[in-house]
Amino acid sequence: MQLRWSRMMPQLALAPAVAVTFVAFIGAIGWTAWLSLTRSRRVPEYEIDWSQWTRQYERLFNDAGWAISLHNLVILGIGSALAIVFGFILAAMIDREWRGESFFRTVFLYPLAVSLIVTGAAWRWIFNPQLGLQNFLHGLGFTSVSFNWLASPETAMYAIILASIWQSSGFYMALMLSGLKSINTEIWSAARLDGVSFWRLYLEIIIPMMKFTFITCAILLSLGVIKAYDVIVAMTNGGPGNSTWVPAYFTINALSAKSNIGYASAAAITMLVITALIFLPLVLITTWQQRRANGGSR
Amino acid sequence: TDLVIYHTWSAPPEVAALNVLKKNLEAKGDSWTDIAIPHDTGSNVNLMNLVAGGNPPNLFMESNPGVYRDLTKAGLGRPLTDFFKDHGYPDKYPDAVAHSMVVDDQVMKVPTALHIDGMVYYSMDVAKKLGIDPAAWKSLDEMFADFDKIKAAGVIPLAVGGQQWQVGYLTHALAATIGGPDFFNKIYGEKPDPAVFDTPEFRQVFDYLRKFQQAADEGSANREWNLTTNLVITGKALMQIHGDWMKGEWLAAGKTAGKDFGCIQIPGAKAVAASVDSWGLLGGQPADKDKAELDFASIVVDPNVQAEFAKAKGSTPVRLDAPQDSLDACSKEVLRIVADPKHQVQNPHAISDADWENSIWDVAFNFWSDPDMSVDDAIAKIKENYTTILG
Amino acid sequence: MPRVSFEHIVKSFGAVTILDDLNLAVEDGDFLVLLGPSGCGKTTLLNLLAGLLEVSDGRIMIGERDVTDLDPRDRGLAMVFQSYALYPTKTVYGNLKFGLAASRLERAEVEQRIAAAARLLQIEPLLARKPGQLSGGQRQRVAIGRALVKQAGVILFDEPLSNLDAKLRTEMRLEIKKLHDTLKPTVVYVTHDQIEAMTMATKIAVMDGGLIQQFGTPDEIYGKPANLFVAGFIGAPAMNLRPARLQVDGHCVKAGFDTGDVIDLGDYGFAQRPESGAEVVIGLRPEHFVVADQPVANAAASFELPLRHTERTGSDATAYLGFGDQLLALRVDPDRAAGFSAGEKLRADFPRGKANVFDARTGRRM
Amino acid sequence: MTMVTQAAVLEDAANASPGPRQPFFPRKKKRIPGRSIAILLFLTMCALFFCVPLYVVVVTSFKTMDQIREGAIFSLPHVWTLEAWDHAWNKACSGINCNGLKVGFWNSVLILFPSLILSIALSIVTGYALALWNVRWANAFLFLLFICAFVPFQVIMYPLIRITASIGIYGTLWGIAVVHAVLAMPVLTLIFRNYYKDIPQEIMRAAIIDSGSFWRIFIEIILPMSGNILIVVLILQITSIWNDYLIGVTFGGLGTQPMTVILANLITVSTGVVAYNDNMAAALLTAIPPLIIYFLVGKFFVQGITAGAIKG
Amino acid sequence: MPRVSFEHIVKSFGAVTILDDLNLAVEDGDFLVLLGPSGCGKTTLLNLLAGLLEVSDGRIMIGERDVTDLDPRDRGLAMVFQSYALYPTKTVYGNLKFGLAASRLERAEVEQRIAAAARLLQIEPLLARKPGQLSGGQRQRVAIGRALVKQAGVILFDEPLSNLDAKLRTEMRLEIKKLHDTLKPTVVYVTHDQIEAMTMATKIAVMDGGLIQQFGTPDEIYGKPANLFVAGFIGAPAMNLRPARLQVDGHCVKAGFDTGDVIDLGDYGFAQRPESGAEVVIGLRPEHFVVADQPVANAAASFELPLRHTERTGSDATAYLGFGDQLLALRVDPDRAAGFSAGEKLRADFPRGKANVFDARTGRRM
């Protein structure tokens, strides 16, 4: 059969992306995985001491800093999930209330545009006990409130969560809005006619209908949580203590402060494994369900 | 010739000092391309990245011997033993400095500034108002004894910045103060000795660390060192214990050493930790670059430049023969302290394994941040780290 | 069951007025079909009645109640939607139950109503399924069931069959009609399919451009279209509408076409006095023509025109004859049509009493 | 009766004189319902919460240091002054260069364009080919891309440095652009593909019969239809590239540090008394370009998302 | 214009085989309609011909060329799609021009062809508009124009009219037919609307389940359906199909229904020898019944059955009579139907030579 350009061209056009995937992702992951088995410190070494090839990982699992990082990852994940809830509430309200829709949308979205470095600076200042919100409230007479969240290991994580909710709610709101808008308008009409109450309408019909939107949001959110780095640097730089470390921070810290490429690689690979463990089932279930849903409606 | 110069300084006094070098470099007809990455922004890795990426800077501010070893391994080391023969090595340099310049029997670093990591800077105004003379304290205990009185007057006795590296510095300064050189080197030296973790001195280091933590004000968390210094400058706090680069801030605020502020070593210190900020040169360069790099090195260690540099930065000259007339009271005090070779140790950064040093920082800072953590916990943690990293 | 009436309804969206002073009344137990082309305001009118939109002005009465400002759920009506609008996350049973969400009924009563509706619609085996697992026709049944459980006096339908294929559509048409015969609710049914309208309605309101063009029984609408719009809209193939000029000669009224052909309107019941020379439009339905070789006795008009082409659909055939530079469609026997050849002259007679006459100026029936 | 009324209505409609008409049934103006008020109130509160940081930053940047020390962060400036802005723009120091943020601004602009072009060009073509052309292994590759989208940057950072170095672009603008393109590729490709998946198959079929040329169809048919998604992606990419810190600092060229890096230098370490007003002005200056974009075209962003730009 | 033939076509998607060993040939200049229910593989077959899908096995010929492995643009054909598939960002002019993208023509030639097509389709005033600014019918015209400019010998249509409303559909039907008469291309036209098929086709291929059930002229398909599927699929209202049992008595063949009614099949041309007692299905088209008070002379069968209900559409009426527990549909005159009342017994005669007989076991025509 002769060569058909109509078949070759798309594959040629895909070549750069394929190359990038195999070199910059798969190859690089392999490289890092290899490094994580070596004794590399500041400079990579490529020899693996097979009798002790898990040494970096053993150290990692015994490292209290890593344990804290994982713990914080969970806290951050749960806390940031509020952004989805909040985003949904905002979207539902904006959707119901046509007055000022575009105004509110813009206001809720703008934090997305702002660099985390800036965000961190602003929030840190707000949390500053001498000059910030606490001082302001004390000035008003509420002397018992404490907003010095960043100073204490117990509360610093909440400050970070607050800032990240502030930053990302708008995005989830936008996604939720699109989900809400894709619901057939006749469903709303039917519910009004049936006299379904507000709560039952949302809890029993709308939210279940938006299952996929929620899952999408959840996936995006967990992605953001796992990659969270800038916000930590900008808000607390890991402190107080290493109470606000997360795996991404741990990895960079191992690379820079500890100057230990092997150790950092091990941490990075473990991050990857965690990601895979969380997402592969989630993604597979979703695609399976989606396929089933599509098949059913046909 | 154009030199790419990598450093981590960005505070105004630091920048002023760099400009002294730049001025002199340009006078020789070379130009300066700046890469500044401030400390502690996840960026220490960048020097090695630049090397790994094939764009190493010609000059880089780096004290860690490991880096020099790695560069040498990569064929990018530039030994300076011959060069320093003409620049008064070793007699013209204080002992701590001379030691720090050597990596594996070769002179590799060009020292540029001398600091003591744990100095007490206090506001003379505040001291006078409170009727306290810090210079009279003979031990840490005497110092803490006065704290209640100070607090009662509404002044923060001791300002600290609750950041990992500041606490880490305080820790090793305390180690030097309490245990002296031998003890210090058993912890931070090239080959640490685990037996030292069981000594009473080691416990004391953490006991005092806890006292410092308890004396800290509530805004200390994650505060920059220079903001902390500012509390003292503005009279909100009596003193700060930190590296003596604090002086740059005082000078920038228009204050005079010995008149507005006093500087003493930590009361009862058995030794002080000396930081030597050093430049490294990139090896394997074409002749013109190499010459320019050496020009830069000779500018750095020129006694007159040293004096000017020290004045701008608030450091102490690394050369004993630098003109003394421009030195202020604090620099003179530093030179007095480092004159005794037995009374000084080196900044861990210049001698210990980065990973190990960092693990001590971790423990110290966690200890600092978590009031519930006991000294035993901390020591146990350090022992554990020792086994993992060096054992 | 209640009477429904719209009084002076005005509905504007912003500056655009969709309905302007519309009046319409549906008698108790009637099956009213709103028929009209897309965008004429049928859905809007239905939504106003349901309370899903608010009137800009006017009054809506259901029975003796003024419901203009009531909440949809308080109006005592049920609605079936074009896309069925089933709650996809609920089972069929749940969907039916939700239809009763607003009415505070006892458990047993709810169960009983659902069972009754399910039996009536033969969806009992489906009660546990989700809508996604149903076929189009089954969904439509469930949607109707959700309306039925309410036992509302008024049921609204918005193009309920347009998403079904032809065969199912015919079946569901019959079923809805049967339901109406059984339960006798007042029905308002929106469609743009005239077959649905003709077969189901007891009354049809033909709408266009937000106005009701004609309101009447299917026979009236078909037999005596009130204006040119209705005449052209109803019937397939469409009525032949051709301009002509009246020739009044005492009691004898005729109309002359451009082509010289003349039609005798002697039996036509003029609503107003015809005047000679008046411009009119004559409407002749294709199926009323008789194509015969012999002239039919007593025909109103007789044409002898060349055949342009024929369209045969198996059971029917339409012949298109050249009439001036236009075409005249007429229904012929398919077996005969097979024998026709283009260009052949055909003789077509139009019987008396079947023609429609419209004023060419106003478009209104004369 | 209806026939009669109808006739009358027709008459009315024909003769109706333009202009306002008396209402048939005067109705009382409907109150805004209570629930509506509650929702508005809630939304307003949320809006305030969202605006607090921006407000504080803006207000502070116009204050003098003296006023900042008073501590009332919410108060308006006593004296509005642009000094901080001037300082941040023209005089702030990063390293030994005290030319202000403006240097970084231009660097950021120089980084932005190649990065944008490269990252979008790579992903749009990939997304187009995967969505609309029949490639046998498309699904397998998509799955791979999906996995790649989850790979944390740290995992591939070090190898990327070595790879870019080995092809001689480390430390150049193109290095940054390439890294941005690589990192954004999986997600952007998925976004583009999902969008293109919704283009009616028939249009694509028509185009294949009409032209059959991969590139011609892309440029003449598909690209003009990508308005919505391009705006979404442009906004996403502009903000992420502009706000990026780690890549700029890790792969950045010599002396071509982007604005964020200079800002970080400025904020992390500065003069004795922290010049909050300078910092906030600097922060604002850095944030202004993406903010302007958001305020101008944020509407399209939401529209684009609603049009199906981002889906599972 | 070229002949098109499918030879032993097999098409599978993964494990599912949609078309299995399909053979079909369209003669030069023919208007072939592929008719069948949804999902039967019509579009698939068309896409195979266009080259938009690849055959799993078999050969496709256009004229003398084997095009099985050619690119779509090289097959020398044009296609019109259901959704029109106009390029939304291009003007009408741009759309037409892009239709020529693959052919390297001179500027002048391109212009000339576009002008010609625009004139033929009367879309000249629209050339500068975007598709979004056109009505459905106009879009369809542009879509056809885009096919015409190619001057391809073969034009494919995939349900081109199904998105139009009834009126426009009728008009466009005529226009496409006229175009075919003028230009005489070979046309393959997919639809599931039997009216379209009957009126436009010169040949119809009825498909179901990936198989061609019958291939023939419209008259053959309607008059002599090859099997039960075709019989039930073609015609609206559908043919009455009722089981019966043959009674052969010498030359006299009859069929007896469950109800006791008997139909005389004396004039039926059996393809195989009828056997007494054979289970058959008798198909009677509704429009062939004659409802008369007097028995019609020489009828094949005569029924006297109770009226269940009637459906009137204005021009037509269908009466449903109870026949056992089923219904028998028959077409009646609408004027007469108005007089019927449910329950009344009607007399319906079925003429000779119109019945269809199918083998109950195989479903094939006997």
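A, B, C, D and E are the chain letters, set down in written order, and residue numbers restart from 1 in every chain.
Basically, a contact is a pair of C-beta atoms (placed from the backbone, for glycine too) under 8 Å apart; a residue touches a chain by one contact, two chains touch by 3 or more.
Source: prediction; values computed, not measured.
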Count the smallest number of chain-to-chain hops linking chain D with chain E, moving only between touching chains. 1
Return the chain pair with more inter-chain C-beta contacts, choosing between B-D and A-D. A-D
Averaging each chain's Cα atoms, the one nearest the global Cα mean turns out to be D
Chain A to chain D, mean C-alpha position gap in Å, rounds to 17
What is the distance in Å between the mean C-alpha positions of chain A and chain C? 56
Separation of the C-alpha centres, chain A versus chain B, in whole Å, is 38
So what's the Cα centroid distance for chain C and chain D, whole Å? 51
Multi-chain contacts only, two chains or more: what residues does chain B have there? 40-43, 45
Give me the residue numbers in chain E that touch at least two other chains, ranges are fine. 71-73
Among the residues of chain D, which are close enough to touch at least two other chains? 158, 162, 208, 212-213, 246, 264
Contact residues on chain D for chain A in the complex? 36, 39-40, 42-43, 46-47, 49-54, 56-57, 60, 68-69, 71-74, 122-123, 125-126, 128-130, 133-135, 141, 144-160, 162-163, 181-182, 185-186, 189, 208, 212-215, 239, 242-243, 245-246, 260, 263-264, 267, 276, 279-280, 283-284, 286-287, 290-291, 293-295, 298-299, 301-302, 305-308, 310-312
Taking the complex as given, what residues does chain A use to touch chain B? 41-43, 59, 62-65, 124, 128-130, 148, 150-153, 156, 229, 233, 236-243, 252-253, 255-260, 263
Within the complex, chain D is touched by chain E residues 47, 50-52, 71-74, 77-79, 81-90, 98-102, 146, 158
Under the touch definition given earlier, write down the residues of chain C that touch chain E in their complex. 37-38, 165-166, 170, 174, 192-195, 198-199, 218-219, 222, 234-238, 285-287, 309, 311-316, 331, 338
Can you list the chain D residues touching chain C in their complex? 1-3, 5-6, 9-10, 12-13, 16, 23-25, 27, 30
